[in-house]
Structures are given as C-alpha cells and as structure tokens.
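Quick heads-up: structures coming right below.
Consider the two complexes below, in which chain A is the common component and chain B and chain C are the respective partners.
The block that comes next holds the complex of A and B.
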C-alpha cells in the first residue's frame, strides 16, 4: 500500500534492510563521522518523516526556503535541512561532487550520502529568513552560525537501522507504521499535539480541547477521531525535562484513564528544536502530515523562545499559505488556565474571570516539581507526578530535569548495531 | 517607593504547613495555584546575586515570575529550616552566612 505525504509525493523509505546488500553498498566508501543532529535528521529523511526530502538539501532548495518558504519544487518548506562540513574536512576525506560517502555515527556505519553538490550559503540570510533575527542568543540562530562553512547536498540511504532503546522503543513509529496504526484504530481524523513537556492539566485540556475541535461534526456513536501526542526528542539542554519523563508521563495520561484507550496514542519524532516559532510551526505541520495526521494543534507561542515572536505568530502564518499548500488543518487554540472562581481548569476563550485567573507558568510548575511537593490533582495528575519522580530515579540520576550527569551518562535514545563492515 | 524583592518560592506540603503553624507563620503562606500554597522568602538584590553566585544552577526568572528558581531541593529545604528556626521570613542573611 502506498501512502501520500507532504507535497503530494508518495512516502518512500530510503532504507536498505538486507544486511548483505548494505555491506556491499558501503564497501570501500570514505567514512565520515557525523554528530547527533545529523544522525537524527538522517533518520527523519530515511523513514519519510521529512518527505519529500530524500537527502540533505542542495543550494536551490535552501535558497527557495529562505526566499519563498518552499522547496525548489514549490512545495512549502520552512527550515533548511543541511549537512555542513568544513573545507579542511572536505579535503581530509577527499570528497568531491559525484562521490558516494559513508556517514558513520557511534563508530558504526549509518547511511550513504550521494554527494550531488558542495556549496556555501549565506548563514546570515538563513538566520534572518528562518528566525527573523540574527541575534546569536536565539538558539536557532546560534545553531545556524555554528554550521561549518560548506554544505553537502545529496540523497541519503540508511544502511544500518537504529535500535531504539528502552523506554523509547515502544514509542518510535515510522510514518508508514504510524499510518498503519491509525488504520488499525479506525481513526479518520487525527490531531497532533506537539510536546517537549511533562503534562500538567493545562496541557491535558489543550489536548482535550483540540480533540473536540477536530472531532467537530463527526458521528459520536463510533469514535473515529484520535489524538497523537508526538514528543520531540532531540538535543537536550540543562534544565529541560528528561526525555524519559516526557514520553512516559504523556503516555500515562491514557493508561491512567484521563484519555480513552481508543482515542489517544503517544509517539516520538527525533528532531532538534530550532525554536523558529511560526516557521517551526509550518515544519511541524509538514512532519505530522507525513505521519498521516489530518489536524495539528497550535497553542500560544508554539516553538517560540524568549520574546522573538508574538504569541500567536505561529497561528497567523497559516493564513499566508495558498489554499492546498498543506494537507493538514491547523487547530488554533488559546490558553487554558486555572480559575479559582470556576474551581476548574478553564479556557481563555470562555472563562470571564480574567483577573482571578492563575496561569500555568512552566517555571512555577517546574519549581513545584523541584521541591517534590505533590500539587493538587486539578493541576497535576497524581499518576503523572508519581511517574516523574520514578523516572527521575530510574533515568535521571535523581533529577527529572537534565543535568550534566544526565547529559554525560544517559542511555542513548538509539544505538547503531555493529555491521561488521 | 517600594523596593522590589526577589523571592525564593518554597512550596508548602502538609508537613511544611504543620511546621509553619507551630512557629506561627502559617499565615505567611500564600495560595498560588489551585489551592497550592507557597512561602515566598524575600531576597534583596544583593542577596539574590549572592544566591545565584553560590548556586549557579539557579536562575532568576526575569520574564514571568520574577523569582529565584531551580535551586536544588536540599538548598530549599535548608532555607525552609532556617525560616522555622528563626520564626521569620527575612532570613537570607542568616542562611547565606551559613553557606
């Protein structure tokens, strides 16, 4: 069965699954070690998360992304996906256009790269067009400026499939597997909830509200609307929630009954957040289109950082797209807060007790967790809180937040098995 | 003219609340979120700077709460114990002298 992804193109997995074919394919190739970001993006490309991309972008694609927010083909695309190398590395490995090279990670073969183009590109232009700023304190700009001076564009093929490690193994689904799962569940409408957080009840109601919006006029006797909680797993910074807590605590909302078994699913996508606000919202919409979702929830300050973007820029950008540019509908939502008058979690678009509201400040919630003080269940489900503490002990070296120790000693999300090549 | 204080938020569970009651400070705990109480231990700007220097993992949240956050739990436990021992909230000089 074929599946159509973003841009109307069939999702193709660029993966060699036969070990002997893979061994033959990489024999004699120059080996180039890569960093975690590039490895995660290879997985994104190879399994079709980034469809229609088949490899790292060439210059025409990067230029089109910067100038028109499209690929050279015209399909909407908002963030360059590039593989950077320095001149000295290119010389050291003797890489030239027309070559095929082997990209290695964790000292194991990972993917071949067909070197179609070696080029340079104005990083200031990338920063300004994608992030709307060139300030290096913006983490996406800092990432852009940290790229080496040359980019290597070309198709990649995964030759060594990653082993996803516990506890993430239960949650990693390729786009094709995700669509198969949706078909098993009989879901016709599916809304994405993008997350990098352990859920408090404000998040829970964002999800429930977006599910209701998505379900809309669909029949109620047989529920055919689902919610996919798709956690972004990528480079971590000190103070972030540990990945294990995010994924397991999102999932416990279903196993503890706050969501029905037949309406909720948790999965992960490997991606290093760029914090590009509206541009990242478009990228997330593309990603979830490829996963087979029909709707995508966008809340306040989606994928934003600091004060670079207006809280609802990520809503407005969808109005700038021509009709049919995306095959996924944005579900735009306001905030949920705790209202002491209503004595419940309330929606900004409905609750009139604006002065009395108590906001779900991420900082305050983290402060409460840090103190180990169990919040009221109206704010934090007890099952979630208990699991945070459990994951802190089991995976976080005693902390639910990323520490130096976690960064240095955590079990990796995936490992590449030895290929014997 | 009021001088801004830079509080450290100490969240109050039942055990902490009982201790506050015993020293007559229970009324100082403020309701912050869905009935959850917090004790806001004030710092002057100078005390705030000392805290951030002594505990570099902490940060001052200038954007939203304007409080000192991400202090390790054991540090906050000690601050709370200092409040109880001194039977008052204004204890940061005492706490910092002991660090």
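The block that comes next holds the complex of A and C.
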C-alpha cells in the first residue's frame, strides 16, 4: 500500500530497519552530536511527518520558503527545516560537501546525513518572512537567531529507530501508521485537533464542533468521521503542562466516554513549536496532511504568541493559497465559551449572549488545578482532573506544570537504543 | 429577479393581485366550497411552496408519484396533491372537463380551478405506495381513504389573497420572500429545521448541530450560514402543541439570544401532515428547496407515526435518489440526548455514555409543562417556558395543548377577505 503525502509524492520513509545494514552504513563515518530539536526533526523527516522533505533543507528551499512560502519544487511550505553548524564545528569535524556523516544523539548513532550543501542564510530575512517580526522576544525569532552560522543541507536516513518511552509509546504513530489506523476504523473524513493543552470543556467543544463541521452531510448509519487529537511534543517551557498530562488527559476523554470509542484517536508529533501563528498553521496543515487527515481545525490565535498576530490571521492565510495547494481543508472556528444563560458551553457563531459570556481563561483553569478543588463537570471533566493529579505525581515531580526539576530530570520521550557500530 | 425552484423551473406564482382583474376572472363561475386542507394546498401551490406544481395533480402525475416517486415530468415527487369531489357533487355543480370553476372558502372566493381532468384512482394503491401500508390506523392512510371518489386535476389561480392572522402574520413568508430575506442576510448556506414542536434544548441542539454541519469549512469572519425554522401549520390533533405556542416559542430562541440574530429565522408553511415518514421527508425536502434552502436537517423518525417506519428510513430514502434529483442536501442526524455524565446535551454520534443517557421524552416535557414548575434552563429555556404559559392563556383557552375548545373556537390562521364579485 502506498500513501500520497503533501506535495503529491509518496510518503517519505527514510529508515533502515535491518541492524546489519545500518551498522554497515555508518561504519567509519564522522560522528556529529546533535541537540534535541534536530533529533526530533530527524524523526519528523525520516518517518514522513515532513513529507516531501527527505532531509534538511538546502539554500534554494529556504529561499523559496522565505520568498514564496513554498519549497523550491513549488509545494507549499512555511517554516525552514535546517541543520545548523558553526564554522568551527565544520572545521573540527572536517565536513565538506559530498561527505556523509553520522548524527548522534544521547551518545548513540541516530541518522546519516548526506552533506549536499553547506551555506549561510540571512537569519533576519528568515525571521521577518516566517514570523513577520525580528523582535527577539518572539520565541521563534529567538530560535532563528540562535541558529549557528552555517546550514548543512542534505538527505538524512534514520539508522537507529528511537524507542518511544512510556506513556508516549502508545501514542506515537507515524504517517503510515495513522493511515493504517484510519483504514481499520473505516474513517473517510478525519479532522485534526492540534493541542498542547490538557482539555477543558471549551477544548472538548472545539473538537466536537469541528467534528460536526467535518462530518457535514455524510450518512450516519455508520459513523465514518473521526477526530485525531495530535499533541505536539517538543521543547518545553516552564509553566507549560507536562507532556504526560497532555497526552493522557486528551486520551481519557475517549476512554471516559466524552468521545465515542469509534470517533476519537490520540497521537503525538515531535516538534518544537515556533509560535509562528499563520505560518505555523500552514505547517500544521502540512503535518496533518501527511498523517492522512482530510480536515484541520484552526481556532482563535492558532500557534500565536504575544500580540504578534491578529487572532484570526491563521484563518486568513488559507484564503491566500492557490486552489489545490493543500490536500487538507481548514475548518476555521470561532470561540466556544461558557454561557451562563444557556447554562452550557456555547459557540460564538450561534450564541447571542455576548455580554454574559464567560471565556475559558487558561489562568482560571490553572488556578482551579493549583487549588486542587474539583471544578464542575460541565467545565472540567472529573476524570481529566483526577488524571492531572495522578500524572503530576507520577511524571511531574508533584506538579502538572513544567518545573526546572521536570526539565532536568524527566524521563525522555524517546531513547536511542545502544547500537553495535 | 427570478428564482429557480424544485425541478429546475422558475418558482411558480399563480396569484392575481389586481382586484378588478380578479373580479373579472371569477365572474359567472360555478362556486365550489372547499375544506381547510384544500385551501391550505391552494396557498401552497399558488405561492410556489409546491413548485413546479401549478395546480392539483392529474392522473399521470398521481400514477408517476405512486410508481416512481416522480411527477410525470420526471421531477422527484412523493405525495399526491389532489382535489377530491364525489360523483354527486360533480353532478350537483355540473362540472365537466374544460370548465373553469371558483373554489370558495370561508364563504369567500379563493381560487379558480381549470378543470383539465376528472378521474378516479385506486386509493389502496396510493396508500400502499406513499405510506407503505393500507392500515387505516395510519393517519395518512385514513386521509387517503377519506378522499371522495373522483379527483379533479387542473391549474389553480389564487384570486383572493388570504390575510394571515396574528401571530402568524410575521412568519408567513412565500418562497420568493424567504429568498429575498436570505439575500438580505447574506446567507449562502441555509439549513431547514422542520418543526411542529415547542423547542426544548434537545431540539435546540438538533438545530445547532445541523447548523455546524451545514457551515462545514466555510469562513467565519462573516457568518454566512443560516437556520430557517420552518413550522408546519395545518390540521391539528387533540394534544398537539397549539400553533401559536410552536411559532412564538421557536422564535423566542433567537430573540432571547440562544441563537444569534444573524443566524436564525422562523417561518411557517401551511400543510396538513401526512406522517408519511420517508416519503414525507422527500416532500419536506422539496418544500424547502422551493423556500431557497441549501440543506435540510432530518432527525430520527422524521414525520413518522406509530411503528410504520424504521427510525432511519427517512435517512435512507435519500440514498435511493439519482444524483441531482434534489437541489437540497439532507443533513441526516442522530439523536441529541441529555447526558448526566457530560452534564449537558450530547450528540449520539460523539457521546459514549450510552448507558447513562437520558432521552428527551415528549411525555416528560409535557408533564413538566403541565405541572407548571420551571425546569432547569439546560433542559428548557425559561423564556420558552414562560411564553408557553402566555400563549396558553392568550390563544389556547388556558392550555398549550390542543383541546376541543381550541379546535372549535381558535382564531383561524388566515382569513379570506370579503371580495366584491
């Protein structure tokens, strides 16, 4: 079975599964240790999350992304995926164009990189075109400016498959695996819900509403519409929900019956958020196209930060794409709020009680969690609440929010197994 | 501005608005008094609710409806629209093919009928093909068998426009008027909600859910999706909600803010329910096509009665139509129930708490109303509840449900004004 990914090409899989083949492939290669972001992006490339990318971008791709929001090939692409090295590192490892090198992580071999191009690129230009700003307060701009001075472009091949650790192991599905799951389930329409949150009922209705919108006028005798909750797992910031709480609490919405078993699935994608607002919305749409989704929900202020983007910029950018540029449909939605007049969670597109509305405030929800007092089940599901407390104890050193201790001592999301080389 | 109705033809309007023209037209014609059902169907034909019908059906149309669920022209049609007379009446009035006669109602001229065809038709065949049964317990079958022995087919022309009485006057919109309203509102997608009920929150969510399904992946910066609540007003049975309560309580959902002002509209169609289940669903789809709707919500057991139809027969029949047979899309939905675990109204397609679910039972809601104790606002909106009580006093002789007194003494829905002839 072959699957078509973003850009109309077959889903990329660049993974050597045979140990002796892998051992032969890496023999004698110069070893370059990489940081977590790069390791996560290798996983993204190797399993096809980033199809049609086969490796880190060369200069022509980065230029096209900045100038036209496409790859050099013309396929839509909004965020550069680059591997950065300093001149001194390049000199130290003696790397030049035409070489193949071995990228290592956690002191283990991870992937080979065919060095096709070593180049520099104007980071200010990247910042301006991707983020619309060059202010370093913007975390995506800061990440861009922190890149070392040279980019190394070329194909990668995963030679050592990461072992995904508990509790993430159940939720790591590659694009080919999600498509197989969807086929098993008989889903014909599937909407993506992007998340980095523990869900309250406002989130639940964002998902339920977009599921209804995606279902549209399809028949109902057999439900063939699904929701994929796809959690972004990557670099954490202090105060974020811990990853374990996010994934497990999203999943419990189904196991506790708030979603039917046959309509809901949770999975993860490894990715360090760029907070690029509209550009990140496009990137998420590409990711989920590769995962086999037909629709993608975009709410207010998708992947935004601070006041850099208008809350609906991430909606509008889809109107600027030429027809057929994406094989996934954006389901753009307004807010769901708690309406005391309706006595329920209500949709901004339907509920007229704009004066009485009570927004779901992240701050309020956090304070509820910190107080440890069970909120009403119409606002926060008790199963979710209990599980937050459990995951805090089990994974969070007592806190459901990221602390220094968590950053330093958490069990890694994945581990590269020892590899005889 | 011309509007295309069902069957691809311009919306029918067969109405003479000029009084002297009308007076000239009816001069000297034999007068035939008609009953309420026929008067309501004349209004349906004359204003285009029943487009492309221009009058009561001839034999070829009735045969095609029975045999193929189409008109003789091939356009889908599911319920015969016939004018019945007995042989003795025909003899008494001396009516023969080629005549034009004047149909009178409330002792006033109403419409001319060009007698094209006088024929008999097998009522058992009609019953079997439209209702799937010949049991007289079925109210549609009973209505069929009660038809007099001859049918008179031919074009009608409304010569005396009915005055729609308060409180229905605000809600009577002809197909051309609904289309004008939709254009004013800028609605591009409009879903019909068929009702004969005072709404509880289960109904409200049927409407909200189908609105979301109809909205689909349309943009949200300007909401261009509307809901038309179209109440069927016709012959009443004891125990039904009184018409005034239905219409006013549906409308108050918007004025009290449960629907946004720009997403909701209430109107009425005059029609005596046939309870034909799937065949009536098709008929309702045709009606709402003529009203300019793009989508039509069909819930569980649409227009059914007793156990004659499977609860989802009215969904399945749409799959049997050839592509393009209807210009309206059926939005087929499962139930919305009250879920005590979710603590809200929940959708059967999403909520997994099938054991805990509490169905909205008509009987329960009636008993709540009869007790006069305000139910929780999550189940029944207080504005709706108060208005039921008000309408009971004002229009229902103290009862929100139809009584003998209401049947005998209610103010008529419409009045034919005196016409100099």
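What we mean here is this: the second predicted complex is superposed on the first by the 421 of 421 C-alpha atoms of A that agree within 3 Å, B and C clash if a C-alpha of one lies under 4 Å from a C-alpha of the other, contacts with A are read in each partner's own complex, and residues count from 1 in each chain.
Basically, a residue touches a chain if its C-beta (ideal position, glycine included) is under 8 Å from a C-beta of that chain, and two chains touch if they have at least 3 such contacts.
Treat the numbers as computed from the prediction; the structure is a model and nothing was measured.
With the two structures aligned on chain A, chain B fits next to chain C without clashing. In the superposed pair of complexes, A:363 makes contact with chain B only, with no contact to chain C. Contacts of A:239 after superposition on the shared chain: chain B is touched, whereas chain C is not. Once chain A of one complex is fitted onto chain A of the other, the partner contacts of A:315 are limited to chain C, with no touch recorded for chain B. Note on chain A: of its two partners chain C and chain B, the one contacting more of its residues is C. In the superposition on chain A, A:378 makes contact with both chain B and chain C.
Of the two partner chains, neither chain B nor chain C is touched by A:106.
Of the two partner chains placed around the shared chain by superposition, chain B is the only one that A:338 touches, whereas chain C remains out of contact. In the superposition on chain A, no contact is made by A:165 with either chain B or chain C. After superposing the two complexes on chain A, the shortest C-alpha to C-alpha distance between chain B and chain C comes to 12 Å. Comparing which residues of chain A touch chain B with which touch chain C, the overlap comprises 376, 378.
On the side of chain C, the complex with chain A involves touching residues 201, 208-209, 211-217, 219-221, 223, 225, 254, 257-261, 263, 295, 312, 315-316, 319, 329-334, 341-345, 347, 349-353, 376-378.
The residues of chain A lying in touch with chain B in their complex are 238-239, 306-307, 338, 340, 358, 360-361, 363-364, 366-368, 370-376, 378-379, 401. The residues of chain B lying in touch with chain A in their complex are 9-13, 16, 32-36, 57, 61, 63-65, 67, 69-73, 76.
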